[in-house]
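Two complexes come next, and they have one chain in common, chain A, joined by chain B in the first and chain C in the second.
And then the complex of A and B:
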């Protein structure tokens, strides 16, 4: 009787006491941060992404279920470059979780330490929904993803010192795999270096910068402003002139418009996604970039 | 009732004690540890910087040497026809440049042939190890977010007394152009303990005179333990759904009938304190209790002196707060349920209790249920498409006393109720269409000739175009049917409104 009840008592106690081996509860605003956090955290963390990989990260609903997740989070990973400005603030106001307040070790701001591109010199919404801090779609650059991964590893190590070595080892593994993969990706895209590409929205500047493309033709006349017929006519003219052969379209953008432009210019529509998991079998960060590179190569061949 | 008040005060007291005790001993120790950790990290980073610099210098030396060699080679073969081909150093004749001094400070893979850079200091500021990461850019860089939101309405109606047909104070109340909601919004972190919010509304009346309204101005706590949050100041009472939303976030140009007639033209809001607690359930569930003065026109059904000292036909009594029993108490319980990743249902029950000014011992109770459902597909772009359904039902028990010095003929009790239900369909990026049905039942009286006590129906339809997130154009049609009462005849009214909204300044965030 006594012997039997001890494990039960222990089990009950462990259910209520905050155990030293409890997993870190990590909430990431976007699926790319979540994917990297999973690589770094391994089995020691529980990661939840708020935004779905297929939806527009600028316009995520501040669903009450997110408050429940944020309320109990040990770590919040956000971009911090205004991408989540339309939905994260009210969630955090209601979550009342001191651990993830700005400045606390549990708040990881991924854009910190990143030199954001396209920081506007002047701010005017006449130029569309520009981000004052620079272009926030930086995770498609694997070199930046490494820096974010390192940032996350440091945050995890600080909050969970018992597993610090594990997090550092996972980061080293991630870094090595990205370094190796960069060679593959670079080689695969090298034949097309310098080629101009088109995109629906200006979310590929970091990808272009990394692999030597120019992406300066957008179906949106200005960031966040839907394509107009006159602008599309202009785009078609420019694409023909510059021999643009691919249009990058994300899952939440209007593919039909891109198809129309593609059919009148002879370009291919590339199903490109900013986020791992948006396209089947691209759940991890490496698989995600693998897929992206493969689809761009297929379109340009 | 007193028990509730006591427990509310006890909660506030406990919370403040907890805040006070939270600070000293363990924190100092943590600070020392943190400092030590930071020192160590700084040492490490300095060491790393030193080695990096050494490596950089080595790299530069090598480059200089290579250039010197190339120069020497060039000089040796100067004049010869084949000089051009020897210009290129043989080591870089690979697929990828091995180094890129313009973007890479010191690449550990510099020696490896065929390598593309794996470090790029043009995008990554440097090793984040040690010390705080360098913030070159980031949101939340200002102490205060400021924005301006303006609603301009044009109104056409078959009614000459549109101010009786429209029930909200920010609705188009006059035929022609209306500018009844120019709103300045401020928010920011006060300090590590509070966040502050203020909405100041400027209204233009038909004489083009401006009146100013402190719609909301409150501070709320950020880090109280046990999922508790305290809010204090002037704020929307946590009653129902539309009452806590600013008019520019509504899906129709005007207020629903129940909102304007049972809570008041300005809704229910006032100066007071609110305590809320997120229940630690796996789904979202929150209990709220607000205590407010409930005085004046924003406490419409409570201690409201009414228009020129008359409310519900009675001459109102003007009195100071006698005690806790004169506050209004507003409890609310809200819960949300997520169905998969695309559907959400938010439900709530609310009540408001307090005295009113039509008699020495007259009270008001209002009860409400509300529901909001939203569907948005997993591949929504720019927030579209979506379907939203929103409904609220309210019932008010209003004890109308005999007025100042028992001057009115009789005491009456009004049982008024009503509901609205609306569906909004965001059918195409930047576009939405909506329909709304509205009903208000005001209990009949043979002695009270208040023109607002008229039962009525309303049907509305609207079409909205959002050129961007910061502007909208909305066209709305209303058909009102007012039922005949003892004092007023029945009538039909048709109205058409056109609204322009524009917003300047800080990027607004949207509550669910």
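And then the complex of A and C:
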């Protein structure tokens, strides 16, 4: 076996891959995966997100361009933990793109290899809109985001070997930027460690877990079920008792309900966002977590 | 474009004919909101199925949903008296709000995200599958054949109730059959196309037809032509400007109705002066 022939063989092989010439066409279901994919892909990939950052990721309205994008995608990045289960499968069925079928290298399932929290012991409709594989809102934990970024970098490198080194370098840069920031974030949130927070929906368990909060009070009685009067009364009582001072609400949730609870408990409503870009000037992943941390700190001060 | 829009276009060509026909009946009877009330009855049935922990896709769930629409059909045929101080539309409106509120109550106990049920009940024309289209077409063909076979009963029951009663037609029975078959059609189509679109297909072509022609046959032909133009043009606009397909079709129909009204107005002024 001649060592010298390997690079030549690789060059020939990559010449037959369309991705060696054109940019990789990447579709991400949600804006957080898209933000990370842009960091990893740099100028070598074209990334589009299907859902808008201000949209409820459980329910996304399909438009014709979604099917067109999925049809021509080289890579699909999805969460895979049932967050998009309501709207992605019919889109994929219509797009019929073999490159992004499950199990193909073009299908990146972000939750693979992530240990999800809150995996239900038993599944029952009585618990509400619970996801069988665990809580799918994992991207607000920067350390999990690093793992997802690595997963994406590996997938890009496999599909586009010519630019593999570039993807790895971009991943290293992303990792370094998170590592540098983690200390800042930790320091900013340290004075409030252990404090209980409230949220509209159970989408902050990973954030709480990473930065030492407890978020166990939810305005929804069960995930996906709108707040009822008796439940809100219970929430207000518990918040007063535990001195909860902030309620995290996302753009697509009912802010009025949170304001009502806040006014009777003295807590602050925090405009929190799961997705980069939902709040102006938070387009990159790091800027997004920066903004989130700053708003939580401002509410708790 | 065709790769994405082929099946939606097929659905918009193959399916609306029955809705336009039923729409002419519905407008004539002055029961415009019956489709929404019927769809709500069906969804109340599905909420019951959820409460019983049935699988949402199972035949049992479908049977319960159908059962509720039949109850609605019975109710509406019973309350649709010839001379009553309470208009039929009021009964329909009341059934709609009560069914909708009952669904909210049931869901608060069932603890199922109501969005999930909404998703199941309300389809998106863009994502229609070939199987959906053919199943719905078969159902429509059956109902259409039934209406065609008994057109001598159904048409008088809607258009000339006085005479129909005097001739000894059992109006109550034919009303029930009308509402029941209507329930089948609504529950079938709403899962493909959603509530907005079904309402539009029922009412807009019928209103245009009634505006422009006198005979049942001509109204139907005008309505069919309009439903084809509106559906296909709406899908085209939806693709061209990347808009949600159902809403684009509805607004296209609204614009078409406006054009027809303006055109008819101009024509009558010319002929008048």
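In this section, the second predicted complex is superposed on the first by the 281 of 301 C-alpha atoms of A that agree within 3 Å, B and C clash if a C-alpha of one lies under 4 Å from a C-alpha of the other, contacts with A are read in each partner's own complex, and residues count from 1 in each chain.
One rule holds for everything that comes next: a contact is a pair of C-beta atoms (placed from the backbone, for glycine too) under 8 Å apart; a residue touches a chain by one contact, two chains touch by 3 or more.
As the structure is a computational prediction, the values presented were derived from the model and not from experiment.
Superposition note: with chain A as the common reference, chain B and chain C are in steric clash. Once the two complexes are overlaid on the shared chain, A:186 sits against chain B while remaining clear of chain C.
By the touch criterion defined above, A:271 reaches neither chain B nor chain C. By the touch criterion defined above, A:141 reaches chain B but does not reach chain C. When the two complexes are overlaid on their common chain A, residue A:117 makes contact with chain B while staying clear of chain C. Once the two complexes are laid over each other on the shared chain, residue contacts for A:228 go to chain C alone; chain B is not touched.
Contacts of A:216 after superposition: neither chain B nor chain C is touched. Once the two complexes are laid over each other on the shared chain, residue contacts for A:290 go to neither chain B nor chain C. By the touch criterion defined above, A:46 reaches neither chain B nor chain C. Annotation for chain A, partner touching more residues between chain B and chain C: B.
Contact with chain B, but none with chain C, is seen for A:82 once the two complexes are overlaid on the shared chain. Where the contact sets of chain A with chain B and with chain C meet, they give residues 58-59, 61-65, 67-68, 71, 86, 90, 93-94, 125, 128-129, 224-226.
Residues 37, 95-96, 109, 114-120, 122-129, 132-141, 189, 192, 195, 220-225, 227-229, 278, 280-284, 336, 338, 341, 344, 346, 374, 376, 378-383, 429-430, 467-470, 507-512 of chain B are the ones touching chain A in the complex.
Every residue of chain C that touches chain A in the complex is listed here, in rising order: 3-5, 7, 50, 53, 107-108, 110-116, 119, 124, 126-127, 129, 238-239, 242-245. By the touch criterion given at the top, residues 58-59, 61-65, 67-68, 71, 86, 90-91, 93-94, 125-129, 222-226, 228 of chain A touch chain C in their complex.
Of all residues in chain A, only 52, 54-56, 58-59, 61-65, 67-68, 71, 80-82, 85-90, 93-94, 96-98, 101-102, 109, 111-117, 119, 125, 128-129, 132-134, 138, 141, 143-144, 146-147, 150-151, 154, 158, 178-179, 182-183, 186-187, 190, 206, 209-210, 224-226, 250-254 touch chain B in the complex they form.
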